[in-house]
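For reference, the structures are reproduced in the following blocks.
Below, chain A partners chain B and then partners chain C, in two separate complexes.
And now, the complex of A and B:
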């Protein structure tokens, strides 16, 4: 974000001001204070945006909900972040003076945190200004391992930092996590220096420090609000929460204490980037004073809101794609309105997971694997892409999507769409049909698969597609519907028999996807509670292998093991078509960063 | 008593005056609009019956048309126009997975299928038995599999157009609308019956007994009516979770009895002190007998009219519930679920499913409402 350049510029201005007598002294005094760049944000510049699903609170440790993370990125600051324009994604400092010093062959990272970064005022600080220190990051990292919190992103640090797992283990025995206990791998030699020592070299650890769950929280705030911490986010970032109506509306306003930065990102040379640089170069950020986020789950309602001018930019609903898009371009009637299109392939996969601990679809014996495999073979991804995704997606062949390191464009799944073969497989393993045409377990008990989806009409279409497929192989499907936040919470606890999910890259590396099936992450990200000794061994080997052909080979091996056990059915990777009104400036969807608002401007309209 | 009865008895040759129902029927018959409405309602009910018996729309979920097949008068559309151009591309061969524990079994099954196809024995339809057991249901199962599975061998050629088009899966919209009417009307009638029975029972108890019984039911009534109706049914739907026609009937029936209760209670308060009830009391009739044998026939027209009004309201409610995703489960056709599906199709210009469900519902609701109005007039003794 080029924050050092901004600070130098202000310092230079302050020195000149000193030479101008009394006014100069005053300006110098102001310059000596933390920059009040939040004041640069114009409260009249309001962005209206929509989320397609609700958040589940804003405590970074308690959620990996995409929409919570979207807001958290604007409120809480991480040690590192990503360059806004650089592709492939490139890490840059956020609250640190520079990129960390690396020692011990990739096992020790030393971060120097900038001085003069302050948390938003809150009653928990008892009227004192509260500066961000290295200890805040130590506390933030420790929270992810607190067994009481059951942080779904614990995998970011679990097993990695010297002494941290032992502390978590003690907490499991005593029932209380000792936040004051020293951890050998988390040292703070001084107020602004954080030294992290890892058990083993980890080639992705720095990505974790840019993830929204590692956004710095203040211990006083977390302890003051307890279980309500999700409704009281207090960070150091460019925005703060002004209004929160759960599952309906979120309003953010610019943080007046935010230090700010000058928009100074480098174009990669393409026309879109060049225009962005022309529009934004040199602006003091953030520009937008208020962000109003509406939760609109129905695609059509969101589309109507965009068409009606109630949203400044939004993802084009897939159902509307045929009438808005001409191939990969906008139709002329929309370009005439000044609407512009930013199209990108999401670094994500969509899938339907099976709970491996479930008495119906779980288990590792051949007949149990055969049941899951037959279900996977009955699901018609082509129909999904054409009829539900409106051709705005591609088939996901492997766990690692395009745009993420480890993806192999030549890889093909070994699981075909073949309901006839699926029928034969079920016959072979003794899942005989009853008088009603539906199959029973080999022991004669009735077989019924429960599946959970969201409540919107698109999710219902997925239900229909699954039902058509399972009818073809004689498996009775029982669908239930609930909202995304509740479904996600239940699935993360492995309480759902099967569930349709999606995973969006937290960082652009295969590990972020492969960890979703790592055994020790069960109930903390591994929604299938999949436990395979082979997969886990390959995963550990993969994590310890430096980037290169051997690491890529391990990715392939893990994919084949995944297909062999079939804990999920992979579906597709979506194209995202972002439609922008002409007054929105500076937009370029980052593959990893969620919150765009600190990088945008809104012109008068 | 015998003497008195004898004195009050009608002479055998005297002209008997028509009863309430006969007079009501005569009045109804003279109302041409009411009879036309009744004919329309009867037509829907007959269709429902035929559908329920499996005589029509039995195979409504057969994929007889191409995806989004337009109505015949619009002419056929290309796959690109229908937005499904990539769907019928051939399946690419898949690689072997050396880690797959099912690999040898799948290889064997593929080989058997290929051999069966080469021998012309149908391949995909042949039931396999790996246990040497002769399955007595093999024939039926093959038929069921054909129905459920729509196996490739049994799949008919899909039509490019249908009289009123097809939905995204290729289901005939006319058959789907007929099957949908079965669900929607059944829900409307059954829920209205439940609500009327509850409302009448509660109203009778409250009106007849009065005092604390009346207070209790009035409190109960006030609680129910103080909650916005749509929120109440959504709350009950969320609590019940389980989807299905029975669930919707329960939701609507358990939340819709208040109007009937209010009217029936008032009638029972009015009637309980009338002479014929006191006469029944004098001969030692029990409370239940007085309530349901003596009083009820005299106020039954209110329940009857209320039930017909509720039927219309509940058909609409089922549509709303299904539209909001709280209604019938996936795989069950109803007008509400058709409208739910159609909301995304409308953006694409596929208007036929929306039109079919809307028109069917509008015609039935209008006819039923007109009939209900006429029925109320016919049964109202003040309009004699």
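And now, the complex of A and C:
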């Protein structure tokens, strides 16, 4: 068939126009789509890390296991998160457009969720793309109160949100939690807006929205997998679960649908931050395509795995500190290998508590306070740090540790290590020594303090240290070593005389620590069963005070009241030494955020 | 034979019932309260009560015991209290890694111990015999923990002959790569006591008249040892080996922990630490049942080894 040349030329031009048109439409479509940052993550960039204990599965509501939370943070996104570099920790938006609007003097929070955030595909979605909406957060929050879930982090929302506790109470009576029932304090005016109304002003509630248990889950997924939801985590975050061998291995891969972000955190001016900014600024994140997590429980195995190149970074086991560290620095043989050290104190305190309801160490009369004060003064924290902590800890001066809002670096405890003064104090209050050298109560009855500890070697060393101290002031100590479950139950029920404890921050605010001594929290978190009208009044005032100098002043006052009554003896805050191979870039351990991987890069090596 | 087996199976029931009652009593009176562990850091009495209700531990002891019995009959122990993982999944996924280490270990241990024991029994009283016995005594005096720490450091880390720790995806990778050092450590620890025990069995037989007669008839020493002595000493050897087999089901906790092997031994310890009763119950019942079955199997093997044995 003959076709005229002019017709051919017109056809060619038409085709070209059509092609350009198609490209234009395609480009326009692409411009409207969210960035596919997960796809940009390099699958050849693999991070090898270790957990020192196994997880409990990956359903954010069902567990507060530290290692489950670590993985959950990478999979499930919260409304808010933390700025990676800012210290003290600072909240920033995660799935929200901006920080929430706060109204009613800290009682109402309105969040605007970004559009175009999608859950990773799952059969539960029946082939449809599933967008994250405000209702997902409502469902997530409600789950924490479902009695069947028995969520261990229910305290994050329990008693706080208008109408939520009433719904949970109804569920206890009917045996079924009505997820469709409206809750006055959880409103969704539109698909992307979530309004939370609280029963009382709570300036710390926003921290709860950044907690890993409040990572958004999709109702379809939870209902599809039921009891097995912990093995099928489906979120919107930068990573998704690729392989899971319980007690052995967790493999995460970058989520190809994740919207991504550009690494743009501000240095706080120190050399470590400056280097991080130089290494990471402007990079599209996440960079790491695959994270392989091994569960290695034994310290020797983990340490040898790091030294043998199986791990890219890891915590230095405390027992290996004398071999690796020279004071606060790495020994030259490790720096020669290119290993670097990131050293930071944990947002935690360790302590020994006294049960204020105990007939021996409890009570609020001057002679009972003197007894506890004398015991506290006999405890040698310096020795604890040197012998038990291998110099990898600092003395805890106040209830609020460094890195947590409310901590005052200049604060010094009024309770020194001074056995002589302790002896004089006990003499003054009539605790006379008997023929055996040990003291009796002022009324002549025998004085014996019972202390409970766990059965591990560190706990036994603590027990011995206490015994040495108390022997110096003539107080007879009876140590009992038992398992954690029994000790914890007895302490919660105010049945232990004294017991060793530790608290790691759930959120970086003083209230998380100060609540541990609030009277109404007795038989809950207040294991000392301490009830001081002064402390409680200060606490209530503190909670109702917005962040600022006045709130910080109240923290100091509560600390002084705590020292005056001495329900605890504060011990130490541990250092955490992170060892990094030279190819790991962007590492700075956050005090609260667990999952570092979305912020890191791995160079070819 | 069938009647004997049926009778023995029937006799297992009261024993199993005793185990069930014992486990139940121990858990309820000695074990920790799981509700406090599961409740998290800031629990209140209402939460604790709710957890106890959800787990069914607020029921009377009789009801709880009846539920336990029903679980055994239906072989459905429910789900782990701490992870929600079904018990059947826990057992099926954790048993494989343990058996990958322990089955080769048991086979090698038995064969090597028999070979060495026959050898030293044959040269009884010689310098070799005495040196081997001293080595066994020294070997038995050292804790397995020392072997693990030293072997892992020297053979795996320093020499690089084995991986320091880990577990792979395929059976062959696990058996020929990751399990080798754990098996070697297991052999180092277990051969000494087996060897000493087997040696006494063989010495008893070597001094028998039939061995002298066999020698007088001109049979070779290897034939006397490997055929006649071994067969006659097989019954106590089988008894010993079979009595150790149930241990395969409870894994080797320390080896699994140090080498990060996701086996049943680690699972048991975790379950005890967390008062995870469904896991503890299931494993205890299965191990008790396995012990009785292996005992029955041992009795049947006696008959196969020595036709003179009467099964009554």
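Throughout what follows, the second predicted complex is superposed on the first by the 369 of 605 C-alpha atoms of A that agree within 3 Å, B and C clash if a C-alpha of one lies under 4 Å from a C-alpha of the other, contacts with A are read in each partner's own complex, and residues count from 1 in each chain.
As a convention for this text, a residue touches a chain if its C-beta (ideal position, glycine included) is under 8 Å from a C-beta of that chain, and two chains touch if they have at least 3 such contacts.
It should be emphasised that the depicted structure is a prediction, and the values quoted were computed from it without experimental measurement.
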> Between chain B (first) and chain C (second), which does A:525 come into contact with in this model arrangement: first, second, both, or neither?
Replying inline: second
> What is the contact status of A:247 with respect to chain B (first) and chain C (second): first, second, both, or neither?
Replying inline: second
>> For A:486 in the superposed arrangement: first (chain B), second (chain C), both or neither?
In response: second
> Now for A:300: first (chain B), second (chain C), both, or neither, which partner does it touch?
Replying inline: both
> chain A residues in contact: does chain B have more, or chain C?
Replying inline: B
> Where does A:201 make contact in the superposed view: on chain B (first), on chain C (second), on both, or on neither?
Replying inline: neither
>> Tell me the contact category for A:383 with respect to chain B and chain C: first, second, both or neither.
In response: first
> Overlap of the chain B and chain C footprints on chain A, residue-wise?
Replying inline: 298, 300
> Given the complex with chain B, which residues does chain A contribute to the contact?
Replying inline: 298-300, 303, 317, 319-320, 322-323, 366, 369-370, 373, 382-383, 385-387, 390-391, 412-421, 423-425, 427-428, 430, 432-433, 435-438, 455-458, 460-461, 463-464, 467-468, 471-474, 477, 479-481, 534, 557, 560-561, 563-564
>> Could you list, by residue number, the parts of chain B that touch chain A in their complex?
In response: 67, 83-89, 91-92, 94-102, 105-106, 109-110, 112-113, 123-124, 127-131, 135, 137, 140-141, 144-145, 147-152, 168-169, 241, 243, 325, 329-331, 340-341, 343-344, 346-349
> Which chain A residues qualify as touching chain C in the complex?
Replying inline: 54, 56-57, 59, 62-64, 147-148, 150-155, 172, 227-231, 245-249, 294-298, 300-301, 304-305, 307-308, 310, 483-486, 488-489, 492, 503, 506, 515, 521, 523-525
>> Touching residues of chain C toward chain A in the complex: what are they?
In response: 31-34, 36-45, 47, 50-51, 53-54, 79, 82-86, 90, 93-94, 97, 149, 152-153, 156-157, 160, 163-167, 169, 257-262, 266-267, 270, 273-275
